[in-house]
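Naming follows writing order (A, B, C, D, E and F), and every chain is counted from residue 1.
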């Protein structure tokens, strides 16, 4: 996972979603440091709607912070 | 999925809900890039209240950011 | 569903709860456009505490945005 | 349910929790208007930790809005 | 439960976590006033990860309000 | 758990994620003070996607407060 930016700045909302997803993945790594376990879980849960939506809720929570950080891309 | 706006600006709260839903769908695509899996899940879960409500919670979280971005459509 | 207001303005917190609930229902319609499926789910889940509370969490999330939009009815 | 205040103002954080709980109950009434169903659910779920905590999450979400409305009782 | 402070002020983030946990417990008491039921639930769920994490999510939601109340302890 | 900082200040978003995770762990300790139970749960749930994602949602909620505390690292 390339070192993510030293700031939450992004050019557009789409990049904001990308960064929110990367942050979420960083958080997963914090909770479960083992790459092999993480990789196994990605396969097991790839078609589990509830788990996919729980991951999206984390991304949406991160996106709120990133949107505020970028003054909602109003500038 | 048409490239969504380069900003979170919308004319009305209703358009804000539309954009929040599109953002949520972008987040689902980030988590599960496979269109065939996503399409299969939409059918399986179409009448699953819990999954529908989890999706709405993501939309509501996105709507908060979009409402703030539009100064709550007060202008 | 009557076209909800072009703004998030309400006269009181109670009306704010009403609008938050309407917004939540708009979000359900976005996720599940089929009226027959929605109507069926309302009956099936009418006495399911978890689903009722998940719906309330969406309303509470919307209420936060509406309260901020109305400057918390302090004016 | 006595008409709750026309504003979100409370004298202390404790009253803020009380109002947040009343707002949450208003939201339950919006989702399930039937008193008999609500009363039945309260009995069934009275010792269900998950449901109790889901209700508290709604109260905590409401409390955030009420705390902001009262400028966090800093005045 | 000693009467918690008439304000959300704390000296440090750690005290903020403590107050957020106390507020969460106040909310549990609002939802389930019976001490005997609460005590029974604490024992039953003491090693249930999901319930522990749901309680932590409430604390984290409260902590957001407390952090804002204390201007994020920046002064 | 080293006494975490007397403030929520961090140099970068990555450190913000680290602190958000530490705060989340502090909250787990508040809810379940017993180290032996916590250690047992970490092993049992190490490959449970839902529990991992619930923990990440707490971290994301904490990260929002930490990002605001650091003015979104814009300075």
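In this text, a contact is a pair of C-beta atoms (placed from the backbone, for glycine too) under 8 Å apart; a residue touches a chain by one contact, two chains touch by 3 or more.
This is a predicted model, so every value here is computed, not measured.
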- So which chains are sitting against chain D and chain F at once? E
- Note down the smallest number of touching-chain steps it takes to go from chain C to chain F. 3
- Item | Same or different residue numbers at the chain C/chain D copy interface, by half rule | different
- Note on the structure: Max Cα-centre separation from chain F goes to chain C
- So the chain most remote from chain D by C-alpha centre is A
- Query: Any idea how many Å lie between the Cα centroids of chain E and chain F?
  - Reply: 15
- Query: How far is the middle of chain A from the middle of chain E, if each middle is the mean of its Cα atoms, in Å?
  - Reply: 27
- Task: Identify all positions of chain A at which a residue touches two or more other chains, and write them in rising order.
- Result: 50, 54-55, 57, 61, 64, 68
- Considering only which chains touch which, label the overall pattern as line, ring, star, complete or other. ring
- Task: Write down the ring's chain sequence, where chain A leads and chain F follows directly.
- Result: A, F, E, D, C, B
- Message: Touching residues of chain D toward chain E in the complex: what are they?
- Response: 12-14, 17-18, 20-21, 46-47, 49-50, 52-57, 59-61, 63-64, 67-68, 72-74
- Query: For the complex, which residues does chain C have touching chain B?
  - Reply: 3-9, 23-24, 26-28, 30-32, 34, 37, 40-41, 44-45, 48, 50-51, 54-55, 57-58, 61-62, 64-65, 68-69
